[in-house]
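In what follows, chain A forms one complex with chain B and a second complex with chain C.
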Partner chain A sequence: MPKVTYIEPSGNQVEIDVPVGWSVMQSAMSNGVEGIEAECGGSCACATCHCYVESHADVVPAAGETELSMLGNVVAERKPNSRLCCQIKMTPELEGLVVRFPDAQS
Partner chain B sequence: MFSFDPYSPAVDADPFPYYKTLRDEHPCFWSKEAGMWVLSRYADIVTALNDWQTFSSAKGNLMTELPNRAGATLGTTDPPRHDRLRGLIQHAFMKRNLESLAEPIKAAAREVAEPLRGEKQFDFVEDFSAKFTVKVLFAALGLPMGDEAQVREKAVLMVQSDPHTRTKGPEHIAAYNWMQDYASKVIAERRRNPQNDLISHFSMAEIDGDKLDEREVLLTTTTLIMAGVESLGGFLAMFALNMADHADARRQCVANPALLADAIEESLRFNTSAQRFRRCLTRDHTLHGQTMREGDFVCLAYGSGNRDERQFPNPDVYDIARKPKGHLGFGGSVHACLGTAIARISVKAAFEEFHKVVPEYRRVQEQLPWMPSSTFRSPLRLDLAPA
Partner chain C sequence: MTKPIVIIGAGQAGLQTAEALRAEGWDGGILLLGEEPHAPYHRPPLSKAYMLGEYSEAQLTIRGAEALAKKSIELRTGTRVAAIDRAAGEVVLAGGERIAYHGLVLATGSRARPLPFEGGTLPGVFALRTLDDCRAISAALEKAEGVAVIGGGFIGLEFAAVARKKGKPVVVFEAADRLMARVVAPLISDFYAGLHRRNGVELYLDAHVSGIAGRDGHAFAVRSGTGVDFVADLIIAGIGIIPNVELAKEAGLECEGGIVVDPCGRTADPRIVAAGDCTATRLADGRLRRLESVQNAVEQGKAAAAALMGREKPFLAPPWFWSDQYDVKLQMVGLSAGHDRVVVRGSVDDGKFTAFYFREGRLIGMDSANRAQDHMAGRKLIERGLTPTPEQAADESFALNALLA
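== the complex of A and B ==
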């Protein structure tokens, strides 16, 4: 299974095997990673799984229209590498992906 | 020979031993009584929820679907149509947009709790949760007051199924039809006199320049009312049951109401009212050595995934300190419950106020009358005796 490194707001790093097909949000939630709320459960509808993608910039598929508009609702600073991680589906190409969670989600 | 019949009263009463056998011995099980496959392990359910291209909702999501409903509601459409429909509604249900409802919800809880002061015994369902949920829903959707009791009665009936015929009975269909008529009157009224409320916006919304079709407006509104009344009410009853059965947890919550938030999450995991939903396969799919065929229905047993020790250690222990992240109490992925934020706010407010009036209580009935439903699980009556 491809690995993802999650950086919690404290700076703590958590490395998790993410099943292919799961979202990067889902694995963070199922493993109790700090710094993510995912209030809507993964329907790209709440902007509380905001993360900064710190690696694989050219490999992660671009955000769709709904996600881009929902990113307007994030509470922490929106940066060029801001994503909603419920919309990033795990693929073998994303092995070693690093995402960082902001200080606040809501 | 093991069987799993989601229509049987034994499963209504206590599905958890069946779930354990399913997870351990038959993780991909064909239930001939239900006429569908059953997935029961946490990881398999999450994988199916994420793979909506294979596990489609377009043929209906209720275990026993209501006629003519599939394809016209949020829960019964797939992306991309689903996402556009949801986009029209979601903003109204986001935590930050519900702040204006916090005070009315609290006031409703106070108003409903107060008459219970000094009572020796009461039915939590009839005397508290039914009254409270209808007030919350009417405030959230801006429904005209006057029909609350009937709306609640029909919402509770339409989610039920007949344990003998394993389908909807005439009384359930009649309740569903009544709710559609009610919704259509509300929609017509809002179109005549638009308000700044969800149904007004929704009934006049367009997707990609197309107006929503009438069936979508009608059945989505019908479903919102059903979910608002029945699902919130059912979960409140389950939460009250847990608080009654776990006195230590309740006393902690009474002493420090901030802990209610954790207790709510643990209850959503431990015995959520939304036990099972279904999907339909768009292609053949093999899992645990079984090949399920295109067109087969598949039950996702959320209530079982939430008790899977592969995900939650000591799953049968009710532990409000657990903080069960990623539980399936609201489902998950694109179809995760729309009402998560309002449900959390409402249940917390309800018990803050309820516990001020009734801090110590125990349950009276040893056996509870469980609702006959293949999808949801909650008691029809829950007698509580304050200590």
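== the complex of A and C ==
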């Protein structure tokens, strides 16, 4: 299973095996990673799964239209590498992905 | 040893309250009791992506066992609370076991309203509320020859869209003269009626269903008030929900279309709070606000946890909600009821628009179809009491975010 490193707001790093086909959000939530709320459960409707993608910039598929629109009003600072991690599906190419969660989601 | 805080109901609200209690600094025991055999899971995908088969059951879980253990939240699934003994400060489980509580959280959610007519409980007739319902419906859907949905609300319509995507013939009956009438304005209802019809749904408004006919012990047809039979072997009851207030009521707590709480989630008993679908919030002006949504479950959960810790964190933000049908994401914020003017931004024909609702010149609600940027700005505008002019609202070149700066 590909591994993802999650960086919590405290700076603490958590490495998790994410099943292929799962979203980067789902593993963070089910493992209790700090810094993500994901209220809508991956419907791209809440924007509380905001993360900064710190690696694999060229490999992570681009954000869709709804996601980009939602990112326009996230609570923490929006940066060029901001994503909603419920929209990033795990693939073997993303082995070693690093994402960082912001200080606030809501 | 200090007594734990006991939470009845391991759904979105119960889980949120448990986690918020930790965030508020409660370091005693937390006991999360849930009647369902599953760890807390996301309900919205049951009528959307999950029903379509886009992901697995494990992916529905909100928090896994390890995540709960990390926060020392003890989850007991398959455990029904039968009574609350307020005098003793104990809950009584269905098996007779008594558990003393330091504080008690009622997060019992709601259940589907049963169909009030003949044949409403025949095999082949389902409500869509739980993962187990969803499993049974998915299996039936694969084999179904005809699908009928009774009730044109969000859940029924989302299911209708899924059934159409799977190529099944679908008929929808709605008693009112428009879809989702309780929540959205006529403009949105009409848009959705068109959307469903274009996707091949046979839609009947003002439709009175008188019963369900069976054959060989299985649902066979939906009988309309005019005596016409619509053949269907999979029938979804989507006529609304009933909040689970019985435990609270029997324990002598005030219930009025929900367990009555203040905006901080408090009941009249200082040791008992409530959150989520089971509640009705008494606002400062005396009105009751009843919401059935994830946002409400999450925000009331946070408020209720704070209240048990003696802090006031009222949930008064404007409500928001979403619904996915076909390729349209509808996002709603505020309340459109009572508006005296509607302004549209974007194109209804293209399925990309936002309806802005004004009352006396002030923005009170917004419904956005595939315009998430408007919705997200709207949440902040309405929460802060800011309002664009109707002209600004209609003008796509005017950035709503400019009002937030």
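Here, the second predicted complex is superposed on the first by the 106 of 106 C-alpha atoms of A that agree within 3 Å, B and C clash if a C-alpha of one lies under 4 Å from a C-alpha of the other, contacts with A are read in each partner's own complex, and residues count from 1 in each chain.
The working rule: a residue touches a chain if its C-beta (ideal position, glycine included) is under 8 Å from a C-beta of that chain, and two chains touch if they have at least 3 such contacts.
These numbers come from a predicted model, not from an experiment.
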Three-chain arrangement built on chain A, chain B and chain C clash or fit: clash
Which superposed partner A:G72 touches (first chain B, second chain C, both, neither): second
Partner chain(s) touched by A:C85 [first = chain B, second = chain C, both, neither]: neither
Contacts of A:M29 with chain B and chain C, given as first, second, both or neither: both
Touching partner for A:V53 - first (chain B), second (chain C), both, neither: neither
Common interface positions of chain A, toward chain B and toward chain C: 21-23, 26, 29-32, 39-46, 66, 73
Of chain B, residues touching chain A in the complex: 42-43, 46-47, 49-51, 83, 86-87, 90, 94-96, 311, 323, 325-326, 330-338, 340-341
Residues of chain A defined as touching chain B within the complex: 19, 21-23, 26, 29-33, 39-46, 48, 66, 73, 89, 106
List of chain C residues in touch with chain A within their complex: 42, 44-45, 48-49, 55-56, 58-64, 66-68, 70-71, 294-295, 298, 322, 324, 329, 331, 370-373, 376-377, 379-380, 401
Of all residues in chain A, those that touch chain C in their complex: 21-23, 26, 29-32, 37, 39-47, 65-66, 69-70, 72-73
